[in-house]
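Mind having a look at this structure? Questions to follow.
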Amino acid sequence: MRPLRLGFVGGGPGAGIAHVHRRAARLDNRFAIVAGAFSRRTDANRAMGEELGIAPDRVYDDFAAMARAEARRPDGVECAAIVTPNSTHAAASLAFIREGIDVICDKPMAMSLDEARAMERAAAEHGVVFALTHNYSAYPMVIEARHQVLSGAIGAIRVVTVEYAHGTRNRLIEAEGDAKMAWRVDPAVAGPSTVLGDIGTHAHHLMRRVTGLEIQALSAELSTMVPGRRADDNAFVSLRFAGGARGQLWASMVAAGNGHGLRIRVFGETGSLHWDQERPDLLVLQADNAPYRVMRRGEGYLCDAARHASRTKAGNPEGFFGAFANVYADAAEVIAARREGREPDPLAASFATARDGVLAMKFIEAAVASSRAGAAWTDATLAD
Amino acid sequence: MRPLRLGFVGGGPGAGIAHVHRRAARLDNRFAIVAGAFSRRTDANRAMGEELGIAPDRVYDDFAAMARAEARRPDGVECAAIVTPNSTHAAASLAFIREGIDVICDKPMAMSLDEARAMERAAAEHGVVFALTHNYSAYPMVIEARHQVLSGAIGAIRVVTVEYAHGTRNRLIEAEGDAKMAWRVDPAVAGPSTVLGDIGTHAHHLMRRVTGLEIQALSAELSTMVPGRRADDNAFVSLRFAGGARGQLWASMVAAGNGHGLRIRVFGETGSLHWDQERPDLLVLQADNAPYRVMRRGEGYLCDAARHASRTKAGNPEGFFGAFANVYADAAEVIAARREGREPDPLAASFATARDGVLAMKFIEAAVASSRAGAAWTDATLAD
Amino acid sequence: MRPLRLGFVGGGPGAGIAHVHRRAARLDNRFAIVAGAFSRRTDANRAMGEELGIAPDRVYDDFAAMARAEARRPDGVECAAIVTPNSTHAAASLAFIREGIDVICDKPMAMSLDEARAMERAAAEHGVVFALTHNYSAYPMVIEARHQVLSGAIGAIRVVTVEYAHGTRNRLIEAEGDAKMAWRVDPAVAGPSTVLGDIGTHAHHLMRRVTGLEIQALSAELSTMVPGRRADDNAFVSLRFAGGARGQLWASMVAAGNGHGLRIRVFGETGSLHWDQERPDLLVLQADNAPYRVMRRGEGYLCDAARHASRTKAGNPEGFFGAFANVYADAAEVIAARREGREPDPLAASFATARDGVLAMKFIEAAVASSRAGAAWTDATLAD
Amino acid sequence: MRPLRLGFVGGGPGAGIAHVHRRAARLDNRFAIVAGAFSRRTDANRAMGEELGIAPDRVYDDFAAMARAEARRPDGVECAAIVTPNSTHAAASLAFIREGIDVICDKPMAMSLDEARAMERAAAEHGVVFALTHNYSAYPMVIEARHQVLSGAIGAIRVVTVEYAHGTRNRLIEAEGDAKMAWRVDPAVAGPSTVLGDIGTHAHHLMRRVTGLEIQALSAELSTMVPGRRADDNAFVSLRFAGGARGQLWASMVAAGNGHGLRIRVFGETGSLHWDQERPDLLVLQADNAPYRVMRRGEGYLCDAARHASRTKAGNPEGFFGAFANVYADAAEVIAARREGREPDPLAASFATARDGVLAMKFIEAAVASSRAGAAWTDATLAD
């Protein structure tokens, strides 16, 4: 299958996550990177273009110029990857969407619920694919967890706990001059709750993805633990799900020493599922009155979708790049299918959609409101 | 050192936890069991007396008779262990306290804050030792965790999470005729919040014990997840500590498949401490920018109090009986010292006190109030 | 059931393992310690007698006097526990066996195969119970492992690996004046291979216990890794089992930092069993093409014998004292049954027998011979 | 930096490991795949060329034609990756070496020591880079382990154990028609010891890589455990290292249920290092009288070479592709440096050399000889 032509917005030299997007795009040979607006700094922009072997005329000053020019080329990009800071996600995505170019966008989708809704509407109007890189939900064993829930392995869900708690911002890093980190705790660039926007949305999507449950109401306590910080850095959120289940989400940037710290546990009537991103190839099913069952990526007993998301045999850990590449590979399949006028492989579903992004923004806004209202239970549903 | 004379209230044949108390009392040879009111059923009472080799005239019909008679014997019990269901803790304890007999009582201390306060006052008036068996806080590595916090190993505490979540009541067991389990979900016997009384107080004490922090206010969601149950069985409690730290306590009886499920994590400015009752001999210190440090029970580098609480070398797991026996051994030391008019070994401090029990009852009552008030922040401090 | 009258040979103040024997004897209330010859040092002997509340006239100068005197008392000991250094095991055991008193003896059984055979014959002639404290083989999940093998859970066994490797003698401790440790690396007191006698026999028994296989031939490399040591401290032994399976046993006292270090893995045609003494409550069954199954002590799905060997529910770790107490409790049952002329509970089988001890001595002698012969394959079977 | 032009020998559709080589070559953008002789089956060969977007005239019928033609093109391949079954490694490598083209070859290097020596000589004569893909030794934490050994963290090494034991060939798969698996247990294609050639060499290189020790003599037991198999499938090898350390290597294809099963433990005078490929981002340093230290990939405290081999922050597991890509990235650096006439980055050293491959063949031949001689100690050193 021919690799799709891909362009990047953001990801200049030294950018934190952009190199992961590029590796993910390359791993399965489904994309060729052919254009970009990598940096507002001219030198950096040009240097990254050279490093990636991109023709100089396809290294653009900004995303608007890039969207216009590429849309007019017969060999223009078929997909744009948006890997800028959060505050540019909406504008950059819209520039490509409006040209009919499919978009892969880093999370969180936008700065506000309104922005996210506008992006969702635009993507629908223009009929393009919009994929959000909730890469942690694209691990094969997360996909298997969802399958186990749906197939009734633990009965109806009663309690869910999810946490994404690390400690990389346990000092006042924004005062230390690391630009790559600093914007993530700047509300003007990162959004109304920085801890929920930056990492809480990953936990939120993981929880929805695995359980299939939607949050009805929440009670939140957002705090700033590092003196001098202008943004929040710790969030405890208590959840009531549609259907009666209860849950809890913890997101923290001040959990010093905690490694990566993303994990989920789902408790049903008869058992529970446990997954931890630091051992991503394992999924533990703890059923009542039975030995614990440890399922492993790469094994033949997994569901089709989990096997689809895996490249090597069990025991050889695939890890972070594999999961991130699943988002790109599945997006490539859906984009190619749209452009070829065919149905995509139904297993190509590891990425988050615009609707997922909209719900995440609603979650953030409800949590901010609840916390300000003294942890009062606050509606987290969408009217539409 | 001569073993102390010990009598038991409760613990008839088949009782759940009483045999553990007896093994704990025996393990270090600091107690000899010489009297008891084990059961209200005459046959069962007598049978247990015989099994334990107790003289028939010291097997009593009830705790009141036992307290009276033993107080009058020159070789009467020096200590009474109260291992009845919760609703009898206060009355039984008071019967012995008023006779000047030291008491070791199972948790939770009482059915209400008022009851607990009355017990605390009585113990103070009569000058007796009152020890509460928060056995999980008596593990050597819990003691070490407290030492690490106090010695500044992780800096000032910012976030604490504790959970005690198991699944042994994920069915409507109270309808299945298991008397040993049923009373634990009967509010009339177990107290105003059964999930907090039965297991939440262990988590609460562990959190206070390790961190040295006191809760200022809390926001709680108590739920009943098993249809038909009259008591709560899941609790999420968000915490604000004096000094500004934040925390979260989860107690559940419906976490199906979750094993024992007691663990605590304490995050400070520069690192964190992690302890899990299912691997009790380990304590993990995760400091920033340094390899994780896994400390092990039995090693020479531990603090004096942790080494005092240990019997064998590292690698031979001591487990549950060892920790429970620490409560008995330390209570024996303090009781013996009181009776001998000397200072006790200062390391003999692994048991909870009446004040700890009073604070736990306050915690329960505040959580019930908050949950009823829609998770409103509720004061959890004592006036005195 | 009345506790049996027990006497101790060895275990003066500060002795390494004797206090564990005493705690094990007490934990289940099946023994009362009533006599002893604890130490050759008169003061130490008397002090231990007082600490244990033993009548002064039953604290003896030596085991010979004790055996004679106790055999003549109507309330004399029914069982003697031998917890001396290895070189006295045979003489002390024989003194009691010849008086018709049952014996619980620490491992290794003797200093040589000949000594062990003599003890085995004497026990048979006098009809007494002889129990060897291979306590590590008395963990509930070891018993379950045996059950899983016997019930065909992994098919016919192909490969077995067992190791008992710790590092507590990685320095020349015998030059540091710690008498408790020094005799263990003195061949005159510890036997022909100190590393195999002290810990290798535990691994050897565990392997035989779990697999039911007997060693046919072995190829060994015994080494002394610590300069200045007169005894061996590391052993690699390759094994051929009757029936064709292959195996490997590693025993080491110089595995620095290795914790306790006893674990076994058994690989059959279709799966494998994994057990580690540092997580003794777990047994992992890894079958082909199926999720790993983690079995847990205390669960209802275990075999009768494993449940018989357990005291508390799953999740509360029982550990080292529980396993050691199983040896005592089961020995008590078999001794009581013999004395009462009844059949013992068939589940009371967690302890090693004289035959097990004889086979261990044969194993040691074969390994020493093979190592001297340049790792030549050496017969390890008994003629009888 | 311009990607190097790379050609593949082997790796037709469905080949087991070739896709991993291709992903590894792509991950860091250091290679562009431009030519290949993927399969002897014409259709398969052509199909793979198309899948990879290779010009039809650079898809060759065999490696000889490819070497000749590419050497004559101005834009010919700068490096050939040999990913055929073992029996072709020598001939294919030599074809490119003799044209002055650098080679990346899968392991084991050859079918015999003589073949390997010839390859080593040819590479030296023609001055080309010869890299062997011992990918498991290219994990960042393996590199750190070597650094810890060399920096004296555990003192002089005394005992080493390494094992690579999985169960994927615990049935007679060669009778089941899976060509991808079958050749690996066919001595004519896989070599004199299939279990040592296929996986034992990985363990052998890992052991040498981490410890820096060379084997002086060995005593081996090679066995065939699966009835009907013509090759060996289990090997226990006891080792004596130059300098006096002792070791043990276990390689098995019949360790049913054992996952991937590669791990190493190195015990020195004062502590030990533990690494397991199933948790590759961790390295455990267990020093005497100190908490265990768990080091993590991605942290700033690691040595330069370990950080050089890492792409993401700690907590996001890099896994198998990352390690394999290190081999390709470092080979690219050394190849580019040779071609540019400059010194390579000294950190670019994660791959195995021809000398490593020669030593592995010597190891195999010595083990076969020892096993045939009844485990007799056999010299494993090279004269030159």
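Here the chain labels run A, B, C and D in written order, and each chain numbers its own residues starting at 1.
Basically, contacts are C-beta pairs under 8 Å (C-beta built on N, C-alpha and C of every residue); 3 or more make two chains touch, one makes a residue touch a chain.
Note that the structure is a prediction, hence the values are computed from the model and not measured.
J.: Could the interface between the copies chain A and chain D be described as same, meaning over half of its residue numbers are common to both, or is it different?
T.: same
J.: Which pair, C-D or A-C, has more C-beta contacts?
T.: Most contacts of the two pairs: C-D.
J.: Going by the average position of its CA atoms, which chain sits the greatest distance from chain D?
T.: Farthest by centroid: B.
J.: Please report how many Å separate the Cα centroid of chain A from that of chain D, as a whole number.
T.: 35
J.: Mind checking the centre-to-centre distance between chain C and chain D? Centres are C-alpha means, answer in whole Å.
T.: Distance between chain centres, rounded to whole Å: 43 Å.
J.: Taking each chain's centre as the mean of its CA atoms, how far is chain A from chain C in angstrom?
T.: Each chain reduced to its C-alpha mean, chain A and chain C end up 55 Å apart.
J.: Counting only residues that touch at least two other chains, what does the list for chain B look like?
T.: 259, 285, 292, 296
J.: In the complex formed with chain C, which residues of chain A make contact?
T.: 285, 289-296, 299-301
J.: Please output the residues of chain B touching chain C within their complex, sorted ascending.
T.: 1-3, 19-20, 22-23, 26-29, 51-53, 166, 168, 259-261, 277-280, 296, 311-322
J.: Using the touch definition from the top, list the residues of chain B that touch chain A in their complex.
T.: Going by the criterion above, the answer is residues 154-155, 158-159, 161, 167, 170, 219, 221, 223, 225, 234, 236, 238, 240, 244, 246, 248, 250, 252, 254-259, 265, 267-272, 285-288, 292, 374-377.
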